[in-house]
Amino acid sequence: MTDYPYPMLDRPDMIWSKQTNKKSDLKVHEWIETLGDKVPDWSGYDVTLLGVPLSKSSISTSAACENPEVMRRAWKSFETYNLDEDLDLSVLKVLDLGNVKQHTTDILQTHENIKEAMASLRTYHPHTLPIMMGGDHSITAMLIKGWKQIHPDERIGILQFDTHFDLRDLKELGPANGTPIRNLIESETIKGKHVHNIGLHGFFNSRALRDYADKHGVCYTTMKKARKQGMNSVVNEALKKLESEVDTIYVTVDMDVLDITQNPAAPAATPGGMYTHELFDAVQIAGEHPKVKAMDIVCLDPRKDVGDMAVKSAVHVMLSFLTGYCRRSEDE
Amino acid sequence: MTDYPYPMLDRPDMIWSKQTNKKSDLKVHEWIETLGDKVPDWSGYDVTLLGVPLSKSSISTSAACENPEVMRRAWKSFETYNLDEDLDLSVLKVLDLGNVKQHTTDILQTHENIKEAMASLRTYHPHTLPIMMGGDHSITAMLIKGWKQIHPDERIGILQFDTHFDLRDLKELGPANGTPIRNLIESETIKGKHVHNIGLHGFFNSRALRDYADKHGVCYTTMKKARKQGMNSVVNEALKKLESEVDTIYVTVDMDVLDITQNPAAPAATPGGMYTHELFDAVQIAGEHPKVKAMDIVCLDPRKDVGDMAVKSAVHVMLSFLTGYCRRSEDE
Amino acid sequence: MTDYPYPMLDRPDMIWSKQTNKKSDLKVHEWIETLGDKVPDWSGYDVTLLGVPLSKSSISTSAACENPEVMRRAWKSFETYNLDEDLDLSVLKVLDLGNVKQHTTDILQTHENIKEAMASLRTYHPHTLPIMMGGDHSITAMLIKGWKQIHPDERIGILQFDTHFDLRDLKELGPANGTPIRNLIESETIKGKHVHNIGLHGFFNSRALRDYADKHGVCYTTMKKARKQGMNSVVNEALKKLESEVDTIYVTVDMDVLDITQNPAAPAATPGGMYTHELFDAVQIAGEHPKVKAMDIVCLDPRKDVGDMAVKSAVHVMLSFLTGYCRRSEDE
Amino acid sequence: MTDYPYPMLDRPDMIWSKQTNKKSDLKVHEWIETLGDKVPDWSGYDVTLLGVPLSKSSISTSAACENPEVMRRAWKSFETYNLDEDLDLSVLKVLDLGNVKQHTTDILQTHENIKEAMASLRTYHPHTLPIMMGGDHSITAMLIKGWKQIHPDERIGILQFDTHFDLRDLKELGPANGTPIRNLIESETIKGKHVHNIGLHGFFNSRALRDYADKHGVCYTTMKKARKQGMNSVVNEALKKLESEVDTIYVTVDMDVLDITQNPAAPAATPGGMYTHELFDAVQIAGEHPKVKAMDIVCLDPRKDVGDMAVKSAVHVMLSFLTGYCRRSEDE
Amino acid sequence: MTDYPYPMLDRPDMIWSKQTNKKSDLKVHEWIETLGDKVPDWSGYDVTLLGVPLSKSSISTSAACENPEVMRRAWKSFETYNLDEDLDLSVLKVLDLGNVKQHTTDILQTHENIKEAMASLRTYHPHTLPIMMGGDHSITAMLIKGWKQIHPDERIGILQFDTHFDLRDLKELGPANGTPIRNLIESETIKGKHVHNIGLHGFFNSRALRDYADKHGVCYTTMKKARKQGMNSVVNEALKKLESEVDTIYVTVDMDVLDITQNPAAPAATPGGMYTHELFDAVQIAGEHPKVKAMDIVCLDPRKDVGDMAVKSAVHVMLSFLTGYCRRSEDE
Amino acid sequence: MTDYPYPMLDRPDMIWSKQTNKKSDLKVHEWIETLGDKVPDWSGYDVTLLGVPLSKSSISTSAACENPEVMRRAWKSFETYNLDEDLDLSVLKVLDLGNVKQHTTDILQTHENIKEAMASLRTYHPHTLPIMMGGDHSITAMLIKGWKQIHPDERIGILQFDTHFDLRDLKELGPANGTPIRNLIESETIKGKHVHNIGLHGFFNSRALRDYADKHGVCYTTMKKARKQGMNSVVNEALKKLESEVDTIYVTVDMDVLDITQNPAAPAATPGGMYTHELFDAVQIAGEHPKVKAMDIVCLDPRKDVGDMAVKSAVHVMLSFLTGYCRRSEDE
């Protein structure tokens, strides 16, 4: 080892041993494992991450496709240790599978890939909790369809944090970012009454959409009402109702649920929206629930971010959710 | 109709019928009517909008003159349907009269035009609720003088949301954006005790101004106090006191009342200010009160906005106020 | 007329007469006619404009789809009178046909629409000069295919201003923004030797692409060489060669040909590129040539613009081209 | 005085008298005195300000060194009169001593200068309350060491508002911005149990740091807990505990304690952080306490600010603290 | 001197002597003298600077009023020594008189102040070369009228660098920033044929304005023509023609003459405009001419600047002009 | 291989073979090799790259330390093939050694590391051409000292592209970014007459510095003079003079030599500076010269960049230089 001519450079064969020495105190990017140049041993993971970099399906131009990479770059700002709860996420073993393949011009092919990705996930390691980093909201329909394909008899419920119903007309828009929930209802993948949406706003959802929601029994709590009642109470109520009716609860977080002054990177966000600490508490509660089995985070366009505030919130959503999940394991 | 050569373009003579078909489900820009190329039938409108694009009267350079156009462009992001209240604003008939004429170099002439605009409004269709989109705060003095000119016997009260008293010295500054309330008091258009200002801050109003306020009986609640007492309670108290003393309450919203972190487009906004959801609730309460007869929204400089967050808040203020107004009609 | 109650507002029925009075002195937005609510009389127009707002086909996320609207908004900053040449573009009659219909998720359908738009244009008013506002460069292949469909026996040449060959592999990317020229060659719409590309850069085109270009006889002049020889001389030579071999010359301007320091809105632009005054001169020369029959302007993403510099350059390209076209008419 | 040839310019010898005439109504920049071209009479001041423009010691590149100048420029936006409390800060006599000398390349020399500055302050006018404008957090260790040098027998406590412990390893980083509290503990300047940190976050402090904190008895309240308990209650409790154990309480405000959506200028700020009005209340309470004898404000990088929102918050922190200090004097 | 207690602070009474010691090597801000707190001895100055912070007279909202302060702040980036010419500007004695008083709402009063400022300048120290920092172009009319008031028999010529004629209709706009040259012609302050404008663009001046220019004999060279002929040759020709017909040549530099890609801070700048090094050469040549007796720099809005590039160009214009002026003195 | 469960993900063990297949057509990031997890075989490389991320030594705060990483990220936008010269840089074997170790607080230690890095480079593989990515200009002094340490008898000359002399006083500033050339002269590492600086500006270098330059025989050509004479001619002359007097020519490119309108990321850049295509030509000529043996690129702060224009220029400088170097090899 003495003949390495660059004492002032990090010697490459020393880097690994240095890293393993500090195992007990990790940053998030040191903790989450990625696919190297070998097929890994799949067993033993608790959580799988999947990037879904599709935003060509957005009604307005969006660079939400850049979000998975930007979230990964932001991991290095976070510890695995959660001081608030005295709990270290590194007890979980997490594998980042990379990104679903994208076709440059054929969105439906990409959608098919997304569905297949979830189907493979459920086939090959169904014991893991998958977290998907979008992309826009169109991916949620494909992910849940992929799930259903492997578990055709499960009743699936959705806990949605969103400023919008996402129930717009499939015939007009195709499988775009305004239609995923309707897509799932009309394809009979889920039932409308098994959706609970928290954070909707006045002035950003038409009456026709509310009529559609009512007709199909979709449940919802507007942001104004949630603020009066208290976020935690609203989330607990929604989970209680869903747990009696479904086998699996899928959580979908559209980042435009946040107040636009706290999330400039979601152009469809609105003033008067949810605050970040409210959202973190909400997903942590959801993460604790034993029937909650997957989450996605969508519709964040990093090019519009200011000082990385939005992408840091997105990473925090993921970590708060996993905090809840750890708690669940403790309880069991 | 079959010989139109562009199947992939929107056929122009089909646009209108398409729009009328969806009457029941409107975006704000489809709902608000504008002056076409004919003088309209004035009767039958409930609300009139007026742009007042003057900001040359601002002490610091401001592009608040661009605000009316920017607010109009933002209408298309809003539905008329308010999910929070299950109420559709499109039951109201609203006419946008366009903008008051501006002189390039003669501010006093422009001020005269503003006064005359309000006087004409009150003469030709006094049954409508006028909402004015500023411009800077100097316009409020002219608008209320125009009102008074037609209704000389009315006692007018002002409910002001503002970080500042706007009582600065007329002799030093002329009719600028720091002086409108003093202008109205000194011209005996209103009485000081008929003004109630909510949202004032420590460190942004001199003692001399407070002394002037006290001497003329101007009422006020600082933001710090309003936060402790609760915004809704403060607004209700202010309205109760004003209703016993005046015939007409004019609401003026200086957008700098918002916290600067939620409104970068109002350079005179401060940290520690009002939050958007508090302001929306406040103007909705005001809109319900039967003596409230007009509102203006001022001092928003769109060039300093970030991600349109401030202009969306301004439009929301207008829509929340009209939500209250709809409620009032229901009650009657 | 005396009973109009708002002397300080612009009387709506007076606006038209005011505009017609100043016919001789127009801004570009007052000159270019748009489709109203009737199908117009198609005859009598010299130039047709078409917006092609497609940029989902871009390899990297792009908002070039917003460019047609942004260019239209910028028209009001330009006079029709060109002081440099003492020539008024308003002698031409120009019709803006609007935008080609876009499908939210099916790019190939949108491509079909674009082709059909050009085919309709050539069928119904072949006497006009079409100018297309993109969108990304994938549209050029569709536009020329639409032309060819109606004029199957015409030999079409391309004068291209571009930093790149745009000859990338169709099989890998599909009809994306890096492949339009190859698409046209492989579909035998044009011949490689009938393409002349000006402005290519070292380091931004692979050797494989140059080999492909050489094999198919594509002509090109790099920016470095054009700078040494003089832009006007290069353009005149290219036109002279093309005029002897083809019936129709189509001009395509990829705005990334400009130096990135003069065009931040084209992310694929490079340092060391063309300067705006060089490009304006180049397209004016092209516009004068009798075989030049169409032009498109592509790959400008307005969200990345700084102070509207790039969009103003795009409008200037269009007006410089029309200046050449006017000259041509004078010569005839 | 009549022969001054420029009636339209401000006559220089009149500026001072004009300013003195309005003594009773001052802006902050008119109130705070600066060193002129003479050594002043030191006695009679209540408060001394010191700029400490060092941020080369930051782990990530920071321009916090520009903060003292930017804060000074922002003074002119603030009145000395605090309307919330009907209290005028101008009863205090405040002297701005300027900035501590910086060496371009030798950080340890600059650190020595900072320590000496505080030592001189305590030697020559110990009756004043010093407020330091950083700079990054490394300065706090030097300032407190300077204090200790003059008052070796005092027990010093620290009330810290911070997202981080600032207890990182000195051996690895040297006296950087992540290590000041550890520096003070290891040099036995203070005891760990005499530090109370409010505003810490989960995910931004490693377990090793918490273990270090626990081992040395450092007290802390996370932001999540503070939000539940109420900020004012937390601050009062911390002061009560400290007052029984120490002689002097030093307040250090790391501006990254603020929520990143309210403070884009502190790159280490996080979502879910403290809101500005909570921080203003907290430091005002601290300012009232008789054992609180100094404060610093650190880690604000003005180059990342948006619309001056962060720098205005920093000035407000200083003025809120002085408001508390005035109250204290009233009580005595 | 040994009892100064802060060895690490700059001792205030030492600052002056330190500065005077380095007299031979100055930054521009150390060289230009400002009015202190005494009326100075007026004699002995070569150059006087005057800030004219008026931009309320601009047709579009402008913050050009902030330009004088921003230019002053940028002085510290420049040496007085011009290496290109081996010439030190500090041989000139320059006095900055400060800014002309502004009225908040009465533009005509401010215009009167500007005229009076120039009249006083010519009365009290006519031996100095005045340089005015605008403000918008409306100020040029007032400054030349003030000059004419004191020198009624002088024939005044104007060398104008501008993208526009600035000959718009006074009756429509009043004395705004689009009308100064027409204002001077119609008030018979100057003759049209004594104006030479360099840098005009096609598409940014209407035919009506060109007709007006031709009718009054205004001379001009478009940018396109100047680029072909060479800038220095054009300027020399213009000066030669003017020197035979007038007594005094006033240079006015509208910063929008620069290419918009080199000057984002002048929103009316255009692509294809003048480059900075061409403008610096042009004003240096003008500065050498013995009949050139004043210059103004107008229409730069610092809020739109990027990285201070435009304000640095404005300062460089002033210094290049003074370089010419020094040369002239050498020649005499 | 058939049992890999994710057909829509890139199979990790397939990535390498895919990459090797396309060897003949590379992007710059695919071509340049980096240190993997083994010590490589050092022989066989033509060029070595070294990141020197030090900017704490800058007089004004700079994030030029981030430049090496930002340049590396930008490689993927460039082909190795240079179409202008029909030459593929991939004939060269290039190794990126990574970054020189930085100490958080001890700049002199970091400087020592930099010197040692160059000394090691010259000891272990003196046959390679080193290119250093700064960092600020202080690194140049250390790099050349490291070179000299290994080759004590070589006479070293410097070809400098810079707006400034960089001859400021070492005693005042230490080894900062304003002093490297003086540092080298005073330490007798080089002789003043062996420095030739191209691109200096009037107004940005004091007379004292010119006097120092003259006294030590430093050669220079101002930008104004270079523009008149032609850049290529100036560079050739400088090389001719140096080749007769020295053994080794070191090229140092301070990116502030570029016009500020083409390089907002170099805050010390000025208007009237060099254009990118001029700089690219200049370094290509230098690269061809057989005595040119190293180059550095310094003083680019990526945080101030606009649309990556500056970082792309920096990468282009490196590639243009290597183009010249390839040519040289061809000639031999």
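A, B, C, D, E and F are the chain letters, set down in written order, and residue numbers restart from 1 in every chain.
By our rule, a residue touches a chain if its C-beta (ideal position, glycine included) is under 8 Å from a C-beta of that chain, and two chains touch if they have at least 3 such contacts.
All figures in this text were calculated on a predicted structure; none of them were measured in a lab.
Trainee: Between D-F and E-F, which chain pair is linked by the larger number of C-beta contacts?
Mentor: E-F
Trainee: Sharing over half of the contact pairs with B-E by residue number is what counts; pick that pair out of C-F, A-B or A-C.
Mentor: A-C
Trainee: If you list every residue number at the chain A and chain B contact, are more than half found on both copies (same) or fewer than half (different)?
Mentor: Mostly different residues.
Trainee: Tell me which chain's centre, taken as the mean of its C-alpha atoms, is farthest from chain A.
Mentor: It is E.
Trainee: Based on mean C-alpha positions, I'd like to know which chain lies farthest from chain C.
Mentor: Of all the other chains, the one whose centre lies farthest from chain C is D.
Trainee: So how far apart, in whole Å, are chain C and chain D when each is placed at the average of its C-alpha atoms?
Mentor: Those two chain centres are 58 Å apart.
Trainee: Distance between chain D and chain E based on Cα centroids, please, to the nearest Å.
Mentor: The mean C-alpha positions of chain D and chain E differ by 43 Å.
Trainee: As a quick test, compute the distance in whole Å between the mean CA positions of chain A and chain D.
Mentor: Roughly 40 Å separates the two chain centres.
Trainee: Going by the contact rule already set, what residues in chain D reach two or more other chains?
Mentor: If we look for residues of chain D contacting two or more partner chains, we find 261, 306.
Trainee: Give the list of chain B residues in touch with chain D in this complex.
Mentor: These residues of chain B touch chain D: 200-208, 210, 222, 224-225, 227, 259-261, 264-265, 267, 270-272, 304, 306.
Trainee: Can you check the complex and tell me which residues of chain F touch chain D?
Mentor: 55-57, 59, 61-63, 65-66, 103-108, 173-176, 303
Trainee: Help me check something: in the complex, which residues belonging to chain B touch chain A?
Mentor: Interface residues on chain B, with respect to chain A: 24-25, 28, 77-86, 88, 261-263, 276-277, 280, 306-309, 312-313, 316, 319, 323.
Trainee: Applying the document's contact rule, which stretches of chain E touch chain D when the two form their complex?
Mentor: 4-13, 15-16, 35-39, 42, 97-101, 113-114, 116-117, 120, 123-124
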